[in-house]
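The next block holds one structure in the form of structure tokens; read it before the comments.
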Amino acid sequence: MATVEIDNLTVRFGEVTAVDAFTMTLDQGEFVVLLGPSGCGKTTTLRCVAGLQSCTSGEIRFDGTPVTNLVPAERNVGMVFQFVSLYPHLTVRQNIAFPLRARGVRRAEIAKKIDRVATVFMIGDILGHYVVGLPPGARQKVALARAVVREPAVLLLDEPLSGVEEQYREEMRWELRHFQKELGITTVYVTHDQREAMSLADRVVLMRDGKTIQSGPPAALFDDPADRFAASFIGSPSMNFLNLKVGADGLSVASDQTLLVSPPQQVIDRYRAQGLEEVILGIRPHAVELANGAAVDNNVWPAQLVDAALVGRDLQADFSIGGQTIKAELPFDADVGGASVLRLPPERCFFFAPDGSRLG
Amino acid sequence: MATNMSDAKRRMAGPELRQKRTPMLSDSWLCAIFIAPSVLMLALMVFYPFVMLIRYSGLTFSMLRPDVAPVHVGLGNYIDLLTDTGVWHRFAFTGKFVLATLSIQFTVGIAAAYAFQRDFKGRDVLFTLALMPMMFCPIVVGFLWQYMFNSEWGLVNWLVSLLGVAKIDWLGQSENALWAVAVADAWTWTPFVILLATAGFRGIPKDIRESAQVDGASPAFTFFHVTLPMSLPIIVIALLLRVIDAFKQFDLFVAMTGGGPGSETETAAYSLSKMAFGYFHTGQASAFAIILLVVIFGLSMVFVRYLTSLSNRI
Amino acid sequence: MRRSPLLVPALIVGAYLAFSDGPVIWMILSSIKSRTDLFTLPPKVLFHPVWTGYQAVFGVGAASNSVVAVGLYASLVTSILTSVFGTLIAVALGTFAGYATSRFRFPGHGDFMFFVLSTRMIPPVAVLVFYLVMYSRLGLVDTKVGLILVDAFINLGLATWIMKGFFDGVPSEVENIALVNGYSRFYAFTRLVLPMVRGGIAATAGFCFIFAWNEFSFASILATTSAKPLPVKISVAMGATGMEWTQIFAAGVVLVVPVAIFFYLIRRYLLIGMTFGVLGKGSE
């Protein structure tokens, strides 16, 4: 278990920059998730930490010692790959023993360590099985056991659940987090699924085009996104965006300028300072309130119901406001009719400039 | 598959839709016609000769003397052969030869395949060059190595002398000759082993290789504990094919030793050929041929069984 | 990131290539050495080249009139003829049989495939015992026709198995489209399926040619005088007048050139061809 420092990591493939001056420090025992769409550089970064990918520039340190020039075998990392690659010709026990045998650990020692991880991961009963016939949950546990058996400095996981069926994922996610906490191992987890990231991470690092967009605890990304991309990527169902127009007397909905918005003062100051003519409003579906009967006012607008569906405990309703669509997540017994009135609480609205940067 | 279908449709765009009333060959007729020539050839070249060989093996006669009536001896030929220590000697020699050449082929072949498994600059060219020996006519190979193994002016003894060792009589003594021919055979067919082993090694998924790297395995450890075990099916196929071919080896002995000195380096096949086409003891040769066929077929059954189970699994 | 050293593989490759190609180079050099140069030690690398070997093989010049050399060129021609025609027959038969075994489950299907495969296992010497009898009765001994028959036979199994593999790779929907539209299966076979296995036919032809071209065992018994193919002719060179090494090696080089060309042309199918269609993908 170690602290991991990634210092200005840059990886270039010919003309393409996959990772651009990426910097991050992990404390011992921390669970960090690298999140982002495909091609954002998260897997490349992970592979650099593992030593499977060479970096164009930058340094990686474990507990302060640089490992950038070391081969994977010398770095003492544990890794679980996307398609959980267990050795098909070996039993579970032999799979787990492999990293230890590769380093010449003695037989008695190996047996002890295997028993220990088998207890932690509760796989004692399948130690003698060949890995071929095992269900996905068991395979993942074996892969994890193999990765941690020699107490690596850091545990790396590359979208380990992406090949797993939906119904197993949540349980496996929970188990994974449980094991990680129990073992206290520094972990870097890569995924494109933001729900996974939000539920697993101590800290989420959102990446795009090789750069870090935002880094912080899940709540921070949810409640205080750094830019429009972060706001749209996190949260399910995703954030609503409305196009607003800057007028002489304030902000209004671009397609129906009778509908007015009252933003906080600092937002007004910022868009005036930048001389913007357009602003984008963002609000999460569950923040949208139904206010039938209320008078039309700033942030309180008439809306036309377009569609509604019951999803789980909530009613997801799509409304049309001035031609633009807003999705609201309402209690299942909400009274939605053709014509409704919606309230967008100002304190729960986000404002963005057209280039995606956050205004407030 | 989509390409295949659109190709097919394109090709059919030509002629008009034919009326079904035009007489067409039914599938069964077509099938029969398609395999008839092959069946005929097989019957003529495999089945019929096999039956006749069995018939002849029960007789004593010589092709050269059609005037002399064949004598029925029942199983006499077989008994004579199976009780002849010379015959057993030949089979033993054949077995030793097979072991010798296989041991060279597989140690060298797998080592070379290990070296060729990764891509590197110029790999394709070097790999093709490594396959060269397979392309040569076995007779030519035999003469080449006879030339090189010659005790007076051969290249091998010259190289040996550079190491300070005395000249070795390669082809004049049966123990040495065994190895000389084995080297020539291995030289020709090691590329085959390399071809198959490399295919096996390169077929190992990238994720597994990387797993091994991360797990801390050195290249050697990975090779012996991951790459080789996972390539076992292919290597076994190579082994079986090579065993059968080594048993059948004939051309090299003709070119290199002529069975000599005396008859010490006669393999079973060579001995049979002398019996049939040297002395023309056709009846006895037929019995010997049957015995040899049985031995090789027995070995081959292992191969065929493994083959079919493999093709069912794939 | 430091890469693990390529030293060990490089050494192995170097050593192996020295072993496998050294003799090849030696043979090529020896094919143009004069008599004295051939037998001197230490072996000469620089010398005055002598072309009598090649002259003999191609039937030109005085060299081709020596006792041993007479017939070298004729043997070359025989080799070409018998290999080409033998290949044609084997490929044709193999393609038809391969298609039938791929598409139809006829009674005796398994047995048929077994017998086809068995041709690979047969030691030539064993069946030759009877072939000689058969050939002499049919008057085929020492004829080109007889050799063509043999060259076709030794490759029948290979051709059938390889082509079956390729046909297996063509989905039967292709013919079904045609059948449903009123075309005959034969039409579907020739116009639709065959063009799709062009690569397979080329590979099969290449391998059949190579094996027929280098064939020795059958020819050494069945065609020893007027219809000798080149491999047999070479073996006869160890005759009373002693070996004409230059000619043997020149012939060897000439023999390998077409094989090398074919090997290069069908290099994508090497795995399939050498394992009798067992390994390797048919569509790559």
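Which chain is which? They are A, B and C, in the order written, and residues in each are numbered from 1.
By our rule, contacts are C-beta pairs under 8 Å (C-beta built on N, C-alpha and C of every residue); 3 or more make two chains touch, one makes a residue touch a chain.
Note that this is a predicted model, so its numbers are computed, not measured.
Most remote chain with respect to chain B, judged by CA-atom centres, is A.
Across every pairing of chains, the maximum count of C-beta contacts belongs to B-C.
Distance from the chain B centre to the chain C centre is 14 Å, each centre being the mean of its Cα atoms. Inter-chain spacing, taken between the CA centroids of chain A and chain B, is 58 Å. Shared contact sites, meaning residues of chain A that touch two or more other chains, fall at 51, 71. Multi-chain contact residues of chain C (touching two or more other chains) are listed as 4. Put simply, chain A touches chain B in their complex at residues 50-52, 71-74, 76-79, 81-83, 85-89, 98-99, 101-103, 146, 150. Per the touch definition, chain B reaches chain A in the complex via residues 205, 207-208, 210-218, 221, 225-226, 229-230, 232. On chain B, the positions that touch chain C within their shared complex are 1, 4-5, 7-9, 11-12, 17-20, 22, 24-25, 27-28, 30-35, 37-39, 41-42, 45-50, 52-53, 56, 63, 108, 111-112, 114-116, 118, 120, 126, 128-140, 143-145, 147-148, 152-153, 155, 158, 187, 190-192, 195-196, 199, 219, 234, 237, 241, 244, 247-248, 250-251, 254-255, 269-270, 272-273, 276-277, 282, 285-286, 289-290, 292-293, 296-297, 300, 303-304, 307, 310-311. Put simply, chain C touches chain B in their complex at residues 4, 6, 8-10, 12-13, 16-17, 19-21, 23-24, 26-27, 30, 38-43, 93-94, 96-97, 99-101, 103-104, 106, 112, 114-134, 136, 152-153, 156, 160, 170-171, 173-174, 177-178, 181-186, 189, 191-192, 195-196, 210, 213-214, 216-217, 220-221, 230-232, 234-235, 243, 245, 248-249, 251-252, 255-256, 259-260, 263-264, 267, 270-271, 274-276, 278-280.
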